[in-house]
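In what follows, chain A forms one complex with chain B and a second complex with chain C.
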Partner chain A sequence: MTLLDFALGPGLKWSLLIMIAGLTWRVVGVFLGRWRRDLSRPRSEAVVQGGLRTIITRSAPARELEKNIRFQHITGYIWHIGFFATVLLFEPHIAFFESVLGFAWPGLPSHLALVVAAITLAVLVMLTLRRMIHPVMRMITSTDDYVSLIIIISAMVTGIMASTHMFPRYETILAVHILNVELLFIWIPFSKLGHLFFWLLSRYRIGSYFERKGVKA
Partner chain B sequence: MPKDQNLGEYLRLQGVSRRGFLKFCSATASLMALPPSAVAQVAEALATARRPSVIWLSFQECTGCTESLTRSHAPTVESLIFDAISLDYHHTLQAAAGHGAEAAREAAQEENKGEYILVVDGSIPVGNPAYSTIAGISNLDMLKNAAQDCFAIVAVGTCAAFGGLPNANPNPTGAVSVSEIIKDKPIINVSGCPPIPAVITGVLAHFLTFGSIPELDSLGRPAAFFGQNIHDRCYRRPFYERGQFAATFDDEGARKGWCLYKLGCKGPTTYNACATVKWNQGTGFPIQAGHGCIGCSEPNFWDKGGFYSPISAGMWGTREQLLGAAAVGAALGVGSAIAARRRQKKAQETVL
Partner chain C sequence: MNIPLAAMEQMNVDVAALVTKAQPTEMPDEERVARTKHVFMKRMSMGLAMNLESCINCGMCAEVCHFYMATQDPRYAPVRKFLPLRRFYRRELTPIRWINRLFVRDIRADDLKDWQELVYDSCTTCGRCDMVCPMGIGISETVRLMREGLAAAELVPSELQAVDEEQRENGTVLGIDSNQFKALVAELAAEGVNIPVDKQKADILVLSSAFNLRLFRNSIAGTAKILNKLGVDWTMSSRCFDASNFGYLSGDYPAEEMETLRIIDAARECDASVVIVPECGHAYMALRWGGANVLGRRPKFRTFAISEFIGREIQAGRLRLKTIGNGKSVTLHDSCQQVRHGGLLSEARMAIAALGLELREMESRGRTALCCGAGEGVNLINRAEPLRQKAFSLKMKEVDDTGADSLVTSCDNCRYNFLTGGAKAGWEMPVESLVELVADNLED
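Moving on to the complex of A and B:
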């Protein structure tokens, strides 16, 4: 069995199974865990609206903080949009999703996807360096963040190398890229990258909690 | 061709002009990635070469490799060179049959001890040798016997080079490649299902010119022919870059000759000379005919998922397995929630 055979076969299968089991474990564990009863008198009954509102309002910086976090906010958007455009609109990736989901969608020309990936990678590297240099950012960055960054950056580097055939053996760099992504699949449920699936739930939860407390956030 | 006649004389008698011969030498030198200065050396060596003895053993095969070579666009210099070797044993092509044929093989082995080239096509069944025998001799025994005094072995076709189709899961005959049995002789794997005729003549030309085997890649294939993947040399590559793919074999993309990646083309992971040397008098190759590369020159190509599944599709299991994983995760979630509740309750009781 070659490295690519392993990556496309058992590696892919087991990483997906671990990711799904891990994500389900986290969601079920949180929902069935003991929730502290709030004995205070609710300031508002519109907790659902509050939760939904927060999902939207948290997508833009709070006006009071806007000036201070504008850079982080814009670069964060660039990196997230670029990352998902690369993942979802690069044709070989679409072929993978089609094999899992059974349907496909139009993609970007490979050259354009490559430009998007390169910009995304550059922004991510810049944000990582800032995280390492900026005193406040450094204090709030944990090992979890650094591991996530290393896995994502290496996945993007190997992906760009594979798509541009910048490595002597295409199948080797493709296998390394796929294994890297599989490591990401396994890492997602057990790290902060879980926000990929939980960001809506957590925003809703915070929003509805604040609404009950009478806080407009 | 008489044994004492050299190749140059033979080709002249066959009506091949000096210009035609040099053209072939240039093409062969180019194919073998030799510098232009080597053309004269190739020409001189080939013109004065004595016909080498070749013993061709066919084991578990479909005769496609022999068909590929003998039905190459004859008459060409390549085919004449193929004619010009002393093919002392080939049970598909030889006139002799039965014990007479075997006696010819044994005589050729004895007469050319240490000098003959052994060509093998087909895999060797080792699970049960009775699956394939010739004159009552198992393929395994015949290979071991013929290999012991040969100069080098050319494993022609993916079956001989890597096990090929007979080796595909569940491999009922226990088929193996030549290199899994013979360890003490140089082996040149000319893989492909079938291999390109020019590649085998190129290997022979190299042997006649330099008296040695060509540079090989990690899979024992001549690096000059198997050094680059199909995708890098494919004329449809620009469509891949533009993101223009045929989604079915009869859609607009297919009619316009767009990239066949989504239809399962294995070009990016397949190393062969199809896109450059081509087939049928250099007129085309499978991708040019509208079908994706099936990766036939790579080991285990039969077992690498479907021919029509894109490379990136992967074998991720079944939806049932994914649901099973979700069920396991849910069970773990319930378990951890119960444990957390117990822990919290105990802590609360301790405080009270």
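Moving on to the complex of A and C:
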């Protein structure tokens, strides 16, 4: 079995399994926690709507708050959109998804996908450097943050290397890229990358919590 | 305003002396940690767990926190204020704790001692950070649990501890007892303001506060004038007139329960269907939103802040005010606890509109209002004064930028901070109480 065979076979299967089982365990574990019913008389009963609204509106906070976080906000959007565009719209990725799912969708031209990936990578590197330099970020950053960044950045770098044939042995760099992505799958449930799911839950929760009091959060 | 300078000066002296009044606490470090962990465990909930699971360490909360904005000191990043709780959660409670134990160290007594300043002096649990967190973490409620943990470890700042002890043991706050309350009632009666006291049965039980009795007696008088004008059936209790809850402020949950139940009992005694809380943010939070949870069921009465009550009466057309605008403009300071946390977004504005005043809104208002820097007991912590003053400077700027003739607020604690902080900064903005403004302009 070659490295690529391993990456596309048991590596992929087990990493996905660990990710799904780990995330399920983590989310279910939180839901098994004590649920404290708020007995106070609600000012608004529309807590479900309030929660759902905040899932959306929190993507664009009030102007007087947003002006203070504009840099983080814009860079956050760029890298998240760039990352998911690269994952979902790069032709070789679509071909892979088609082999698993049985259907495909239109992708970005490969040179454009590469530009998107390069911009995303540049922003990620910049944000990593900011974590190391900015006093607040330095103080609150944990090992989890750096490990998560390293795994994502290396997945982007190996992906760019594979797609541009920068590495002499294509199969090897492709295998390394896939293994890197599998490492990301395994890391997600054990790290802050669990926010992949938690952002929905916690935004919903804060939205409904404040809605109960009559405040649009 | 009519606030006697001597009373203000005496108040400042008494607040400064609080630090010497707390009973000394001696507790072995291991016990401090054990007690804190016990509280963290006992008070943990699914919602708090979600807060602790979701943080991505983005640091955005710091950028909207008045303490960080005013100082640029990274220690004041709100997310950092609950780090010991986060450590505890990651080691002891999260579903992946068995892995985290390899990397996350346990909390130590020194952490708790170091965090006292971060949890009490530099956080008013104003909740502005709650409004920006991209994950939707309830940062302020998480910091509140930190306060409870530190209170269990007897690490409450001496000033808050002193008043908490005074209220728990003597039933008084800042030395104000029922005799002083009765004396004030008699004084006001002599001035023609009638306050019914200790009625056996009344529809409305009205509460006041030690701040009111010591400094803002016109606020009590104003409340009485409004209620008398409305002709409602109301009373005050000479045994339970103070809505302050220093258990709530200091994180001493057993004391918070005791103070809340004291008010609930007083309302039950006179069979009140409504309890009115004075212009006091934390008292409103403790009773309106915390009361049912302390009691274990909804009390029979409904709780209103006085500003809320006024707003409702104006809206219903029962309370009519003189139009006093004449080109005068005001700006409104939204108390964090009443407005962002309590939902009183429109009531004070209704009163200002009814008075015909031009309302010049601050850039940050309502749910995003900037805290004045002194809520949640920070006002009483002496060593926090320089930090408080820096945070206050941000508020002063927002107020000044409106160009309004005066500032209106409906929180005595904020008002005290505007007066003392403003005096220190040489700020000349007149500060008015909403209740007093309304009471002075009731339609004949």
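Going forward, the second predicted complex is superposed on the first by the 215 of 217 C-alpha atoms of A that agree within 3 Å, B and C clash if a C-alpha of one lies under 4 Å from a C-alpha of the other, contacts with A are read in each partner's own complex, and residues count from 1 in each chain.
In this text, a contact is a pair of C-beta atoms (placed from the backbone, for glycine too) under 8 Å apart; a residue touches a chain by one contact, two chains touch by 3 or more.
Because the structure is predicted, anything quoted here is derived from the model rather than measured.
Chemist: Please work out whether A:22 is in contact with chain B alone, chain C alone, both, or neither, and reply first, second, both or neither.
Modeler: After superposing on A, A:22 lies in contact with both chain B and chain C.
Chemist: Could you say whether A:150 touches chain B, chain C, both of them, or neither, answering first, second, both or neither?
Modeler: In the superposed model, A:150 contacts neither chain B nor chain C.
Chemist: Look at A:34 in the shared chain and tell me whether it touches chain B only, chain C only, both, or neither; answer first, second, both or neither.
Modeler: Both chain B and chain C are touched by A:34.
Chemist: Figure out whether A:171 sits in contact with chain B (first) or chain C (second), or with both, or with neither.
Modeler: First partner only.
Chemist: Just to be sure I read the superposition right, which of the two partners does A:113 touch: chain B = first, chain C = second, or both, or neither?
Modeler: The first partner, chain B, only.
Chemist: Does the superposition put A:9 against chain B (first), chain C (second), both, or neither?
Modeler: Touch status of A:9: first partner only.
Chemist: Among the partners chain B and chain C, which is in contact with a greater number of residues of chain A?
Modeler: C
Chemist: Taking the stated contact definition, name every residue in chain A that is touched by chain B in one complex and by chain C in the other, in rising order.
Modeler: Correct list for chain A: 22, 25-26, 28-29, 31, 33-34.
Chemist: Can you list the chain B residues touching chain A in their complex?
Modeler: Against chain A, chain B makes touches at 229, 231-232, 240-245, 247, 261-262, 268-269, 299-300, 304-305, 309-317, 321-322, 324-330, 332-334, 336-338, 340-341, 344-345.
Chemist: Per the contact definition, I'd like the list of chain C residues that touch chain A in the complex.
Modeler: Where chain C meets chain A, its residues are 44-47, 49-51, 53-60, 62-64, 68-69, 72, 74-75, 77, 79-80, 93-96, 99, 103, 128, 130-138, 288-293, 295-298, 302, 340-343, 345, 363-364, 367-368.
Chemist: Where on chain A is chain C touching in the complex?
Modeler: 22, 25-26, 28-31, 33-36, 38-41, 43-44, 54-55, 58-59, 61-62, 64-66, 68-69, 72-73, 76, 134-145, 189-190, 192, 194-195, 198-199, 201-207, 209-210, 213-217
Chemist: Spell out the residues on chain A that touch chain B in their complex, using ranges where they run on.
Modeler: Those residues of chain A that touch chain B are 2, 4-5, 7-9, 12-13, 16-18, 20-29, 31-34, 91-93, 95-96, 98-100, 104, 107-113, 165, 170-171, 174, 178.
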